[in-house]
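Please find the structures below.
Each of the two complexes below includes subunit A, the first together with subunit B, the second together with subunit C.
On to the complex of A and B.
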């Protein structure tokens, strides 16, 4: 083949690729395809928004059902079984599938606009995290349609009630599987948004200049990234318990307390995750409608980053005062919890002080923000009661607690997010709401809200989650008031629906900037915002460009793999409970999606607009991919810390454990360990080769690594097979030694499997000449991942085999 | 199902709890009222009026705001003082009540929670379902555990509670005063019968108690 022929061949290939790329970025391919395959942050934001309201509707109906049952003593509207399903699913849906995704909807849509980025850092992962969230929710609520009904162990799913022994129905398994998908979604979404905010800010947008909503979201997502791995491992163990019969949460030895730790290490930061996006929006609303810059923005940011972020983790055990944790721990937790009131105090004070010297316009968003702060104060004060070690002895598990966290979650978070809807929706749709409708909506919601939850504060002798009570308790009248309030609150949301439909379809045109805001998501000009800061925050002096309503023209290409993988995974999970053939279809669809993803990467079909250099301090020399990889590894590190920590917890609580070398073949395991470590060496040789531009060396070392990794995995499988044959009494369901061994080696093996799949991709791309000395980022990141997987084994090997 | 007769003496645990609760309530309501008043005042004072509103860029507004820093710091200090007061009170009271008082008049009872009832085991091995009889003016120590799932043993009238966890034993104590019947209830979701997992703590005078206790069969039910 002559050089010309070769060149023309390459040229043809290039034109073909370009055609495919342009075909994928074509907007309005068809309406449905466009929405299903979009990866543009604005569309993904709208998808989040609409889906979260779908879940709000379900969760709201469940709440109304419960309140109707409790209206009168000895009411027969629901049974104990149906009430438990309603109470459990209401909590899970509202917290995890409505409130935080609604915050994520605004974050997706507005953060790139606020910081002047073209899109989020990883658009495909963004769409992926949306679809995992949506399908995970469908898997979870499909529990209502299986025999035995949906999950019924409370939103906290306390062990061992969550086990198959006590809740044999499929609903509890389905919620576990749905949660696993959600945890995946939250992790990807977190990595994505954090990376975007860390390294994709417009030039000049330093930390103290980023808009408050962006900063609040950053803190939110950091909390999620660090708290989700703990409950991810817990949920996985729960699902394995239910599906394969392991004994993590059913045997004695303190395993219920293990679940407590895993749940609340996630569950407490989750409360802040729920309220912070709303408060961030409220910060902007306070400033805009008072006509003043946000008061002491620095103090707020520092309180969040140095106060709330670390303390939200340090106090999780205040949910466990009564489990018998030791005295020192209890005092430590009480003190930390009360200290954590202080950052919240900073926020309230600074919001109030923002109004000083202003000219406050009481439009609906401002009223909602004020309502949010008002309920935050009440909820905060009732929360101080619960933080008290001594008072909690009586308040725990009573309706006082229900009142407290609804003041925070419904009051603070939801009112602020309602405010955000009235404030920001005109930016999406170009249409305004009717101010009268908005104000009536606020007044009705606020009155009815307090009617539900204020009486509950005084019902501290009434236990939570009971489906009925006796007339002699005297709780009847207050409960009736609450129920009337609940119906009123529910019906008042029809006005919100009306206002949203009005803004979406027939409202008056809003113009490009109805509130006269200088914040860049309205003006479309992040750099102008930076230059003008902070003198003009909320005045109309910034020139507006006309092109702000641009969400109809996606710049990021369409891609089908996120929805395919998520749908496949959802079918696979649902099939485990419903019918196995569905699982097989799911596997095929998921692998198809993975194939599309790999193919796109192999040929460079998925092109994201290049980001111009901007503000990145303190990560000046890191690309966004590198930041994303490190964040993911940080999440993985916490995952394994949680797993290893749980293992140590179990070892401490189980007195009898088989001595070392009594069960495992230590010689084989040592040999296997050496194999894995040598594969780390060969991977680094491959990296070294490609850094020097040696492609053949790269492919050769990579194939060697693949062979070593595959051998490790084969030996591992042989080890399992051998163990099960020689020692049938040592299996995953035989006791905690077996459960922990198979669970931990299984998770590690899954990581090896993912690594092997990645190596196949790297080798294929390397053979095609896809990597050069300058362009081999994927190899660098893979080497990091592989090193991480090896390091994990350094911990697992001695723990599982030698001690 | 309330049986409280006329109570003359308040049990120690209840009295202490009521005291701390009142302390939190007064301070909480006061702090809340002040904050609400300030916010409402700002809302009124700085409402949008053409005549009085300063331009946001007017230097006078900035000065005005800067001098408020001191006020904010003061409020903050007050908040910290309130929190330290209530927090230390709470911990101190908890610690003073966390050890069982020494008394010759102490009765130990094992409580085994299970779906959906309470089993009480007396020192002589006598067991009773959902009903526990104890004498007046006695320290009663409950050693609480569970046979199946997570429960929570609560005596709302005495303001004490503890988790009933399988494989663990948690201790709570009360000091009975006057005779009467009191609710024992589960405070942690434990399954379909959670709402009906109710027992009775019956406090009777010592003579009746010893008579009754003597009549029970050790190890029987």
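On to the complex of A and C.
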């Protein structure tokens, strides 16, 4: 082929690629295609918003069913089994599929606007995160339609109730699989939002100028990043327990205490994850409707970052006082829990100080924010009692605790987020709500909410996990009041629905900035906001630009891979319980999605708008992709720490453990380890080659790395096969030594497999000349990942084979 | 610029160190009896920690990059230690 012919071929190929890129960037694709394939942060935010209300509807109906059952003593409205399903799914759906995602909806929509970024850092991962959340929820809910019904072990899925022994139906497995998808979604969403806030702020948007909602969301997402991996590994172990018969939570060595650790290391920070986005919105609302800047913003930010964030992880075991944990540890945790009321106190006092002396306007958003703080204070005070080790022994498992956490997680979070809806929806839709309807909605919600949960506070003798009770207990009247309150609270939300429909369709035009705020999500002008700081929120202090939003024209391309992979995974998971052919279809769809993703990256078909340089201290030298990779590795660190922590917990708890040499071929494992560690060196050599522009060297070293990695994996599989053949009593279901060995090496092997897939991609792209000395970021990031996978094995090898 | 500081020789030395450390762990396994579990476990753990540190510093290039890049690792280590301490101490009576 002549040079001209080759050039002509390349030109044709480039023209075809340009056409494909252009087609994917078209903003006016068909309506359905647009919503299914969108990667734009605003549309993804709207998708989160609508979907979270779908889950609210389901969770709300379940709450009404439960309360109706408890209205009278010896009521037969629900059976015990149905009640257990209703209470479990209500908790899981409301906390994980409604409250957290509603905060994520606002975060997705407004954070890029608030900090002056064109979009989030990783738009495709953002869409992926949404679809994993939505499909994960469907997998979880599908449990209602399998024999045995939905999950019924409470929202905490306590062990051993979550085991097949007590819940043999498919519902508990489906909630596990649905949760796995959700944990994936939360991790991706967290990495995305944290990266966006850390390194994509507009010039001049220094930390103290960041709007409160953005900062509260940053802390929220950091909590998720560090907490989710613990329960991810716990849920995975639960699914393996149920599907393959391992013994993590059904043996004395693993036990319910291990599950408690894995759950509450996530579950306690999750409380803050639920309330902080709402409080962030409330911070903005207090400031706007008091006409004053937020009081002591620095103190609030410090209380969040240095108080709530680390303390939420240090005190989680106060949920485990009665599990027999170490006495000194319990005292330490009691003290820390009580100290942790200080950052909450700082935040509440600063909110109050913001309002003092302000020209307060009691509009619906302000009323909702005030309702949120009022319930936060009530919930906080009842929580002080629960934090005491001595009182907790008495109150644990009673309705007093149910009241406490509903004041915090429902009252605080929901009222604040409702306030955010009234405050921010006009920005989305350009239409206003009816103030009278909004105020009636607030009054009814507040009255009925307290009608449910205030009487509950005094039911400290009623156990929380019973589906009926005797008339002689005297609990009937208060339960009846609560049930009337629950129906009232549920029906009051029709007014919220009306207000949202009004704002979306027939409401009066709101104008570009109905609250006359200077915050950049309203003005579209981050520079003006930064320039006029700290006069922000003093309404009318900044000349507004008539609602010209600089981001309105920034558009990320449509992409089908996020929905394909998520739908494929959902079908795969659901099929494991429903029917295996569904799983096969799911695998095909998921691989199709992965193929689309890789192809897009290979040919550069997915291009996002370039982000101009901005404020990113202290990470000035880091690209947003590098930050994202490090954050992912931080999550991975916690994942493997949780897995290794579980192993150490089990080893400590099991008095007799077989000596490694009696089971494993240590020489083979050592040889295999040397192979893997050698691959770290060859990956580095590949990186070194491409940094110096040596393309052939890069491809050669990368092929060598692939060979080493693949050999490691093959020997690992041989080890499994050999163990199962020569020592059939050492399998995943034979005891904790087998369960832990196959589980830990299996997860590590999955990471190797992912690494090998990436290597195939890098080699293919390298062969096509896709990397140069100046452009090889993907290789840099892969080298980080591969080094991390090696480090994990540095710990797993001695733990499993030598100690 | 950071890349210029990195030498292939250094990376090869780290590679050799990690391989030798692995072999040393195995030797320790055979030499120190399992019955002296505290010594046995401590020696192997210390060698493993030193290998991991070498990979983080050199292959993950923290030595050659601005200090703030260690922020992610440093902050996460707090939660790693928190988790390990609470989980393993909870059964000690």
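Rule of thumb we're sticking to: the second predicted complex is superposed on the first by the 782 of 803 C-alpha atoms of A that agree within 3 Å, B and C clash if a C-alpha of one lies under 4 Å from a C-alpha of the other, contacts with A are read in each partner's own complex, and residues count from 1 in each chain.
We take it that contacts are C-beta pairs under 8 Å (C-beta built on N, C-alpha and C of every residue); 3 or more make two chains touch, one makes a residue touch a chain.
All of these numbers come straight from a predicted model, not from anything done at the bench.
Chemist: Per the contact definition in the header, classify A:637: touching subunit B only (first), subunit C only (second), both, or neither.
Modeler: second
Chemist: Examine A:226 and indicate which partner it touches, taking first as subunit B and second as subunit C; both and neither are also allowed.
Modeler: second
Chemist: Going by the touch definition up top, name the partner, subunit B or subunit C, that contacts more of subunit A.
Modeler: Looking at subunit B versus subunit C, the one contacting more residues of subunit A is B.
Chemist: With both complexes superposed on chain A, which partner does A:656 reach: first (subunit B), second (subunit C), both or neither?
Modeler: Touch status of A:656: no partner.
Chemist: Quick one: classify A:257 as touching subunit B (first), subunit C (second), both or neither.
Modeler: both
Chemist: Classify the contacts of A:327 with the two partner chains as first (subunit B alone), second (subunit C alone), both, or neither.
Modeler: both
Chemist: Where does A:32 make contact in the superposed view: on subunit B (first), on subunit C (second), on both, or on neither?
Modeler: So A:32 meets neither subunit B nor subunit C here.
Chemist: One more residue to check, A:74. First (subunit B), second (subunit C), both or neither?
Modeler: Neither partner.
Chemist: Please write out, lowest number first, the residues of subunit A touched by both subunit B and subunit C across the two complexes.
Modeler: In subunit A, residues 257, 327, 653 are touched by subunit B and also by subunit C.
Chemist: Can you tell me which positions in subunit A touch subunit C when the two form their complex?
Modeler: Against subunit C, subunit A makes touches at 226, 230, 257, 261, 265, 310, 313-314, 316-317, 320, 325-327, 329, 618-619, 621-622, 630-631, 633-634, 637-638, 641-642, 644-646, 648-649, 652-653, 659-660, 666, 670, 673-674, 677-678, 680-681, 684-685, 688, 691, 783-784, 787-788, 790-791, 794-795, 797-798, 801-803.
Chemist: Show me the residue ranges of subunit A that touch subunit B in the complex, using the header's touch definition.
Modeler: It comes out as residues 79-81, 84, 87, 152-154, 158-161, 166, 251-257, 290-293, 295-296, 322-324, 327, 330-331, 334-335, 338-339, 341-342, 345-346, 348-350, 352-353, 355-362, 370, 373-374, 377-378, 381-382, 384-385, 388-391, 393-394, 396-398, 461, 463-470, 472-474, 535-539, 653.
Chemist: Any idea which subunit C residues touch subunit A in the complex?
Modeler: 3, 6, 8, 11-12, 15, 18-19, 22-23, 25-26, 28-29, 34, 40-41, 44-45, 47-48, 51-52, 55-56, 59-60, 65-66, 68-69, 71-73, 75-76, 78-80, 82-84, 86-93
Chemist: Which stretch or stretches of subunit B touch subunit A in the complex?
Modeler: Counting only subunit B, the residues touching subunit A are 1-2, 16-17, 20-21, 24, 28-29, 31-32, 35-36, 38-39, 42-43, 46-49, 53-54, 56-57, 61, 64-65, 68-69, 72, 75-76, 79-80, 83, 86-87, 90-91, 93-95, 97-98, 115, 148-150, 152, 154, 156, 159-163, 165-168, 170, 185-196.
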